[in-house]
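Look for subunit A in each of the two complexes below; its partner is subunit B in the first and subunit C in the second.
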Partner chain A sequence: MNAPMTAAALAAKDFKSDYKPVWCPGCGDYSVLSAITKALATLGLRPENVAVVSGIGCSSRIPAYTTCYGFHGVHGRALPAATGLKAARPDLTVLVASGDGDGYSIGGNHFLHACRRNVDLTYIVMDNHVYGMTKGQPSPTTEPDWSSKLAPGGTGLREFHPLVIALASGANYIARGFSGDPNGCAALIAEAVRHPGFSFVEILSPCVTFRPEQREWKQAVRPSPVEPTEDPARAARRLMTDDGFNIGVLFKGIRPAFSGAAAQATHAVADLEAGFSL
Partner chain B sequence: MTSTTPARTEQSYEYSEFMARAYAIELEAAERYAQFAEQMDEHNNRAVAALFRKLSGFEALHAQRILQEMAWPSVPALTPAYAWESAEAPETAPFDSLHYLMQPWHALEIALRCELQAQKYFESIAAGDAPPSVRQAARELAQEEAEHAALIREWMSKVPQPAEGWDEDPDPPRMSE
Partner chain C sequence: MKRSVSAALAGSGGAGVMTAGNMLLEAAALAGYYGLMTRTSGPQIRGGEAAAMVRVSTFATDGQDDRFDLLAAIDWQNVHRFASELPLGARSLVIGDPAHGEPPAVFLGSGARYVPVPLKKIAAGIPGAWPNMVALGLVAGLIGLPFDAVGRAARKAMKKGLEAGIAAAQAGFSEATSLQEKQGFVLEEPPSKSSRWLITGNEAAGYGALRAGVRFVAAYPITPATELLEWLSPALAKVGGTLVQAEDELASINMALGASYGGVPSLTATSGPGLSLMIESLGLGVTAEIPVVVVDVMRTGPSTGIATKSEQADLNIALNGLHGDAPHVVVAPNSVADCIAATEWAVGLAESLQVPAIVLSDQYFGQARAVVDMPAFSKNEFQREKTTQGENYKRYAITPSGVSPMAIPGAPGCTYTADGLEHNEKGTPSSQAGDHLAQMDKRARKLAQLDPGEGWASIEGEGDTAVVTFGSCTGPVREAMVRYGKNVRLISLRLLSPVQPQRLKKALEGVKRVLVVEQNHSGQFLRYLRADYELPGEVKSLRRPGPLPFRPDEILQCLNGWEAS
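Now for the complex of A and B:
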């Protein structure tokens, strides 16, 4: 993260824009928005020093609801846009917002390589195991036996395991939160921003419209019984017995964040622009 | 909280810790109801939005009264003492309580549950082994929550109970299963 400014500290409400969210009432994403604004206030940041980048989907509406710089990008392409931004403007704190469809399916490949590159980003994925915005198609994290009109009898496909993938691909901070605990999510996000390198925070965020049964998640989630580790092998062993409902920080790596691109640039922007012709 | 006993004017550390919790309870409740009001506004459920806004105002008033009584230079950070067991404060309505077709009675039902949870929390502190000034304050706060619950019950008796099928929408946002 960039250094906090010395001006008067801002409150969470100072990071909320005048645009009111249009999510379904009861959607978990409201809590995630609240957690993000609380985290930014806790970190003593200012909106002009933060950028929120997103792709497409319910969760990706978040940039408009903050007073930070925002970029509502192309489906699945939030991470490349955010990577470019951070490489060009390392002084900005860059948060990336996504969902399980945008982040793990359409943007799945970018997820792997963002973990691998370890650029200093905080990637927040609101996982509700369904494509909500497009009316309930199964997503990569949907259970194989979840039956709906669009997938009668379920897909029969094994779920994607985001934390396992993140660890195997090199993410430097891995945590899971639950939107029913916005204060806990805020703490995870603040810690993720402080931690150097690529930080991945998966937040279980129920879709009350297409997956109303996810209201039961509040009974299923529990604080992780173990402390975070910096040892990837130990983290991997813990994930072998993870049922997807352990909340907290799993892994805090010690790999240095990628920071070379800007220093290696040899062309001025004007030179690059001259190379383009319409 | 209208009276101030001699023990409480001492402003012991433990008392301040507890009152910081009480303040957080009221503030979180106010914020959540305000969020609910915005959500209902966006979905054009104006009657319920107005009700949540009113409830938010009440909770904000309670928070303000605690601030006035304590006269903290700045609100102290919460310590582990007097922590509640749930992830959110006992008077905070669960974020997923809403339905876009809900009616005022449902909103009051949510508020009633929250008041009762807060009452239970304060009663547990009053019955515990906290210092006398804390237990006294907890007793008073529990009594206040009980009074609020009674008021909400009275309010509920004056609004129509939802008819069966209140959540049926002839043009639903979701596909039928």
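Now for the complex of A and C:
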């Protein structure tokens, strides 16, 4: 993480661009955008020292809605792009934005390996249990009986549990937020940025267009009754009884972040020619 | 006395034929000769049959000869599988250990002579020695290398068992002097000394990348590109760069794009299957205008194909595999040494034009080790122009050159979002027809306006017959031209995209016949030439799929046959 700037502190609005989002009225992602900008302001960062990287989907539109450097790449590949960026430029603060389709389905393999690799990134997944941009298909977190045009009567498949996967794969910080509480989300994101290594923040962010019943999430969510733990076994036991609506930090690990960044050069390039000389 | 001798060392896995082959080539290099070693192996991870194919010559060469003068087998287990890759002739000599039986009939059908040498028995007389070192000494003796060079090569290569190894090589060397056949294979005196390197195509591509400033590499292992990545790993650490091993090729290309977006010249290396996976993201590099370089060390395809063997069949996907209209750079090195310059150039073009570049190397170059004259490097003139000008910054500004000012994260006042969505000049996503056309024009223009200089092709010779080729076919074509002795032009294209029709037209002025040589089944290169270039006069295609490399004689026959008709 960067040292906070002492010069003129910026407000959340300074991190919000003037582009009009493509999102539907009432989309949870508006609040996540607010939470991100608020967290960046809280952290005392400058937009030019922050990069927001994303893939494809409703949530992945976020980079251009900030005043930070943005990277809106290919479907499912936000984490590798962010990994390369952070490894090449460890001085930058790198946030990654994704959704349940982009992050858990097409990008699922990268999720496992980003957790494992533990690069100092903050991964924010806006989970609405549906593919919204393609107008309402089941995602990995969709309930098995949710009926849609593509899967009439439901998929019959059990849901993917992102927090379990993150913990099992080695993420160093695991939290769940709810977009209906942008201040709470901002706090989770700010803490995630401060925490070394790979930080995963899953945010329940209702899709009021294709999953209007998700408006009821605000009644379902509750603050997690327990404090965060640094013990993965303990965190795993808590997840056994988790119904998906406990909000807060579950796990704060102590694994050192990936240290693959470049060391100081010890040789000139031409020195390598010695290896070819007879 | 010969100007070129070709020897193959073959045996089952663990017999040490690659070790012996490398030492033979190094000994030849230390003795002042040129040469190269290519390799073939079975599909097994360990314990598979293998052959080291070593050519030693008084002149620089980038290809194998028509046939092998010597085939020395440590044993014959499955070696017959390489018969088509180890052509022999009536003057060839087959050396085998009688303890392993007679040579397979396929090797003697050509009329080659057979001399049994008890390699194992000789080695057994020296505690700690292995038959491969006996074979090394034997071949070195037969071709007339000084034993001192063999000893020096062994000392460089062997960490343990050095004394026994040298004693075994000495025993083999002595055996050679007693073989009558020796007369036929002794090399002429080596050419006058010059500074030379011993380098593989994969190492050369890696070194070219570092010379061009690449400091981030994402790596996913794949035969035959793995050695390139393995060479880069410690090399990058020395020069202050970073290598990250990715979980798959989808990740490696995106890691490279991410790092390059961060301002660090970036590269990954792969082969056909990996390139296929990277294609979508290369399109992101085109649209978001992020420089990135992929070295494709081609192997036979499609699908998994023959992973360990060479073919020039990724040309189509490299040129045209991207969806949408996606102008990008494709460069093909045409010698082992050129893997340095071509990769360096590709990085420079990618960086200066803010575009992805594909380097089409192949297994033949990548895994060949060659003695090359030390390259004379010119200064890299292609660099990325970075901007810190924040006033009304437009990342994708329409410019006469098509290249727009690129800000690097960290620069205040010019933040923007690099986007795979079509966008306007500021980078804001746009579905407007006008923005799409303007950006398409801009992305096409920066390549169309490129002045590639002399490097677009290697052009040699004069005459009204031209051989047009690319990549690893170039060496055999060049050798065929020397043997043909009459006036022929060689045009080996190095810059395959953007196309250079005007330059080729000029290079083909006065040409009445064009022979197109390529190593793939469908004639991808011919069709590429037909689509984008004018080929004057009569056009003939000489092509076949991998893995067999073209032999100079085949190309010569083609030229002769043409003349006769």
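Simple rule for what comes next: the second predicted complex is superposed on the first by the 262 of 278 C-alpha atoms of A that agree within 3 Å, B and C clash if a C-alpha of one lies under 4 Å from a C-alpha of the other, contacts with A are read in each partner's own complex, and residues count from 1 in each chain.
The criterion applied here is as follows: a residue touches a chain if its C-beta (ideal position, glycine included) is under 8 Å from a C-beta of that chain, and two chains touch if they have at least 3 such contacts.
Predicted, not measured: the structure shown is a model, and the values here were computed from it.
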| item | value |
| --- | --- |
| Which superposed partner A:218 touches (first subunit B, second subunit C, both, neither) | first |
| Partner chain in contact with A:69 - subunit B first, subunit C second, else both or neither | second |
| Partner chain(s) touched by A:80 [first = subunit B, second = subunit C, both, neither] | second |
| Partner chain in contact with A:158 - subunit B first, subunit C second, else both or neither | neither |
| Between subunit B and subunit C, more extensive residue contact with subunit A | C |
| Doubly contacted subunit A residues - partners subunit C and subunit B | none |
| Partner subunit C, residues of subunit A touching it in the complex | 19, 46-49, 51, 53, 56, 63-64, 67-74, 76-77, 79-89, 91-92, 109-110, 112-113, 260-269, 271-273, 275-278 |
| Contact footprint of subunit A on subunit B as seen in their complex | 35-36, 38-43, 87-88, 94-100, 102, 173-177 |
| Contact footprint of subunit B on subunit A as seen in their complex | 20-28, 30-31, 34, 135-136, 148-150, 178-184, 206, 208-210, 215, 218 |
| Contact set on subunit C toward subunit A in their complex | 26, 29-30, 195-199, 203, 207, 210-211, 215-216, 218, 235-244, 246-248, 250-252, 254-264, 266, 280-281, 284, 288, 371, 374, 409-421, 427-429 |
